[in-house]
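You will see subunit A twice below: alongside subunit B first, and alongside subunit C after that.
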Partner chain A sequence: MSEFLQHLVNMLVLGGTYALLGIGLTLIFGIMNVVNFTHGVLYTFGAYVMFMVVQQLGLNFFLALPVAVLAGWLLGAAIELTLLRPLRGSDIDTTMLVMIGAWIAMQSGTLWIWGGVAKAVATPFPEAPLVLGPVSVSWLRLFVLIAAALLILVTYLLINRTSLGRAMRATFQDHDTASLMGVNVDMIYTSTFAIGSSLAAAAGALLGPVYVIFPQMGDLAAVKAFAIVILGGLGNITGAVIGGFILALAEELGAGYVSSGYRDAMGFLIIIAVLIFRPTGLFARAERVG
Partner chain B sequence: MTRALGLVSTITLAVALAGAAAQAQTIKIGVNEPLTGAFAASGTYVVNGAKIAADEINAKGGILGKKIELVIEDNKSNPTEAAAVAEKLITSDKVPVLMGAWGSSLTLAVMPKLMEYETPMVVETSSSGKITTTGNPFIFRISPPSAIEAAAFKGIVDKLALKKVDFLVINNDWGRGTAEDFSKMMKEKGIAVGLVETMDQGAQDMSAQLSKIKGSDSETVIVTTAVDQLTLIFKQAAALGLKKRIITTGGSQNPDQIIAQAGAAANGTMHLTTFLPWFPEKTPNPEATNYFVSEWKKRGFDFAGCTESFRGYDGIRTVVAAIEKAGKAEPAAIKAAFWDIKVKGLNGDIVFRKSGPEGKESGQSQPNVYLIEINDGKIEMKTL
Partner chain C sequence: MRAISTIVAVAALASVPLWLRDPYLLNALITTGIFIIGAMSLNLLLGFTGQLSLGHIAFFGIGAYVSALTSLGFDVGLPGDFRLVHAPWPPIAGFVLGVVVAGLCGYFVGLLSFRVRGAYFVIVTISFAEVVRLVALNWVELTQGPLALTNIPSIALPLPGFGEFTLRTKMHNYYLVLVVALIAYLLIARLVHSHFGRAMRGLMENETLAISVGIDVTRTLTIAAVISAAIAGAAGSLYAHYIRIIDPEVFAFINTVTMVIMVISGGKGSLAGPVVGGLIFGLLPVALRPVMAPEAQWIAYGGVLIAILFLLPRGIVPSLTQRLGRRLGRTSARAPVALTETAAKEPA
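Showing the complex of A and B:
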């Protein structure tokens, strides 16, 4: 029983970060309809900004987090302006190829700047864990969970409660009508991509100090993010959050009670099941076709 | 302008020719190591150790009247890449001999290429038994296979009063091979084997596996993986309040890095290692060990890497001894010469004995294995 409780606690801390990865991608992949292969690199980028600010510049850990989010926002905006804007209206294959190119170029860039050997970031949290009866959790991971929850809440409010969010939803539902209603469509494209990117960087900045940082760390994260988005339904923020927790639960219980060798396969087994039985995702609303 | 252009091209041509001439004066040795990916830290240490050996040899005038040149390629911790890199080194760089490829799965992927191009390779780190038992006569291994590690460990299990052990191993030929060889030895000794948990080589979160181990009734966990994953395991085990004794195998632990990164959680942990940079006087070759450790420090490398990098140093010196014995830098002659050399390695004499099916034996040297314990952030040697 205590082992099961520990698995549940692990699921919560893991699920929070999966959800964060998922909502960033669901904005870009789900709402903008761009198959964003740079999501994983932006995650890696956020982690390296954290490393740079904390370890190389010697600044405060908590100050480094907003710096990483801002850096992710700027890099995302730059990708949209230089690569996606000229390609707007071209077919999905072209965009996809360009994004694959950007992914490889950026990953090689991180390798070039920081080298292939993994880096660690020191944190101000105590080493001894928080022990609550039979379960224990590190303070750092508890902080990550709370920070992720806050970021998810802010994103949700931004999309659903602000005029920017309304303009975003309108633009990707009907680009021409939104434009006729006075929405600055170009600005919306750039800011949506930038917000999604900054969420990926935030996830990397939060998880980098938990794990170790290396140039390929984003690859597995990106694959999981796509899994979460498909699970939750494209463009569905609540779906991505729940999808993140479902993936974490499947991995924890799969590794705990089935076989740890197949831990990373669990998520994909779920996706295969979802694609067969509910191809629009677990939480997709009925949609007008045509 | 035309004259300037002409001058530039003449100079370029001259430089290119000089470069080509200089190249013909060197003997190339291919180095196939993971410099990116899951084993980047370990592979980089091995390469830096190899460079110390090459510089030392070249400073003394090289061999056969030529300098040696390391052609270093990154196998990205990926077996497919490791095989491709071996092919590139042999066919395009024309190296007559290789050293590599760190991980067992990486080395196993390279082995068919060695057969195809009939080029020998010194295996400096890999520990899967399969490497020297499948009948590949181009393999010469200086690291201990996991069965040798298990045999060395056998002597101390009574003293440690082991009753039941769990395993947490990397999910590849190295980890699974270790779990197999150690389980066999444990069962012979009447020690119960509980859980055998695995983790992907790129996995960063082992909390699920560790939670499961925390709930089991064993008192000891044997952990096999490289340093980056080990430090994560120590941190995550501490966060979960896992109180079992941890013993690591494989010789890629860099114990000083574990002390630095895991802090108090490292106390009481034991590590099977193949080099003793902390106690040069207890190594088989103290003078060489002192030289190597001081050279390593002089170059500004992290002392923690010594337990890994010495293998690159020994590996290159083994290759060079064979080339010298062969009298020429040709694959067939070097392969034959490996059987006749005796190198004073940092971890004992390197002499190859036959291993594997008759007629196509691989070479296996018998290195020493040591057990160390971390106490109060300091490394102590246990007698095996």
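Showing the complex of A and C:
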């Protein structure tokens, strides 16, 4: 029983960052109809920004997170402006392949800049975990969970309570009509991609210190993000949050009770099962953002 | 005209080992040839049915593993105290089994994944390849996991009356790959020019219209997937018996991407496209090796992919044939171009 409780606690920590990854991707996928293969690289990029700020510049750990979010935002906006804006209106396969090209180039870029050796980030948290009855959780992981929850909340408010969010929702429903109503659709696309990218970078900056940082770390993260998006339904933010926690639970239980080698297979099996039995996602009554 | 240029191209390719003595370049040509076979099989799906499968390496890897395991033999325990023991068979039997099993996998994957389209289809196929990779990595008793299957025997051709002829040297393997590639090319050419090929193109252009004129879309797609997977399996088998060692990294996503780049750059939906694109992208790392660090090479690789999509979205071969056709004042060269243009406008 205590083992099961421990798995649940681990699931919460993992699920928070998975939800961040999923929200970013579902926004881009839902609003722009772009299958964003650079999502995993932005996750890696966020982790390396964390490493750079803390280890190479010697600055504060808590400062590194907003820096990573901002860097992700800028890189995302740059990708959108240079690669996606000129391709507006071309078919989904073309943009997907351009994104794959960008992913290969950027991943090799991180390898070139920081090398292939895995990096660790020192954290200001105590080594000893927080013990609560039968379960224990490290302070770092607790911080990750809280930061992820805050970021999810901020994103939710951004989408539902601001005029930018309203314009994003309108663009998702019908970009032609939104454009007729005076929404600057090009600007919405750039913002959407930048916000999604900054969330991926945040997830990487949060999970990087928990594990180690290496150039290919984003590959699996990207596929997991796809699993979460499919699970939650296209463009469905609440679905992405729930999907993130379901994937984390499946992985924890799969690793705990089946075999740790198949931990990463859970996401793929979920994708295959959901698309075969319920292709619109688990929570899709109507496809909409928000 | 087309037949003559094909014969000239084949003759040119066949002459290569006669004047090229550098083993490194010959090796690069052999592995490139193997990947071109894979790219041709991918083109059958991507170029002629419009389905972008990003899990294609799974069939290549399955062909490689099945072929290697058939010729090496194995002894694994199954649930319920069963043991599956297999004594080594000749590699040629492994090749045949590799093709058959890859084709069967293509059937089942097609059956499941053609229920969805567009981005979802892409993601299902990626997931399938990753699951297969994880099985190859974790089923250590069968596949040796990350330790790799080693000492895979070279393919030996049975010659009635003369015993066996083992393909040991690079030159032997070059001709083997060339022959298999030629067979695959002719098979695909025959297929796309048949009634079945027209059904494939029809559903690529407009699926609803294709259904309304009586094309069984799922059946057509599944048959295309089986043939495509079987050819990819053949390429995988050649790879396993040539390199003689395989590990789960054969399933890496980047290998699928390599095939996709070959198809897209050469021109999807063009028979010669994957060959031209494959030769360029297969030999590009060789050309870049003396002048660039490996990481920079990959950056260039990604950059070239983006550049091709921006500058030559239809691919090299269709762009060139159109330009050539225009210069010769023929209008017939425009027809296939118009075909792909309508397909591109179709919302995915």
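Keep this in mind: the second predicted complex is superposed on the first by the 285 of 290 C-alpha atoms of A that agree within 3 Å, B and C clash if a C-alpha of one lies under 4 Å from a C-alpha of the other, contacts with A are read in each partner's own complex, and residues count from 1 in each chain.
Keep this in mind: a residue touches a chain if its C-beta (ideal position, glycine included) is under 8 Å from a C-beta of that chain, and two chains touch if they have at least 3 such contacts.
Keep in mind that what you see is a predicted model, and the values were worked out from it rather than measured.
Of the two partner chains placed by the overlay, only subunit C lies in contact with A:101; subunit B stays clear of it.
When the shared chain is aligned, no partner comes close enough to touch A:154: not subunit B, not subunit C. Of the two partner chains, subunit B and subunit C are each touched by A:261. In the superposed model, A:181 lies in contact with neither subunit B nor subunit C. In the superposed model, A:271 makes contact with subunit C only, not with subunit B. When both complexes are overlaid on chain A, the residue A:111 reaches subunit B and subunit C alike.
After overlaying the two complexes on the shared chain, residue contacts for A:29 are found with subunit C alone; subunit B is out of touch. Using the contact criterion defined above for the overlaid structures, shared-chain residue A:93 touches subunit C, although it does not reach subunit B. According to the touch criterion, the shared surface of subunit A, contacted by subunit B in one complex and subunit C in the other, consists of residues 111, 259, 261, 264. Looking at the complex, you find that subunit A touches subunit C at residues 29, 35, 83, 86-87, 90-94, 96-98, 100-109, 111-112, 219, 223, 226-227, 230, 259, 261-262, 264-265, 267-269, 271-272, 275-276, 279.
For subunit C in complex with subunit A, the residues that touch the partner chain are 52, 112-113, 115-116, 118-120, 122-124, 126-128, 130-131, 134-135, 137-138, 253-254, 257, 260, 264, 293, 295-299, 301-306, 309-310, 313, 344-348. Per the touch definition, subunit B reaches subunit A in the complex via residues 35-37, 40-41, 44, 74, 171, 197-200, 202-205, 207-209, 211-212, 214-215, 228, 231-232, 235, 238-241, 261, 263-265.
Across the complex, subunit B is touched by residues 2-3, 6-7, 10, 14, 111, 115-118, 120, 127-129, 131, 136-138, 141, 211-212, 214-217, 220, 251-252, 254-256, 259-261, 263-264 of subunit A.
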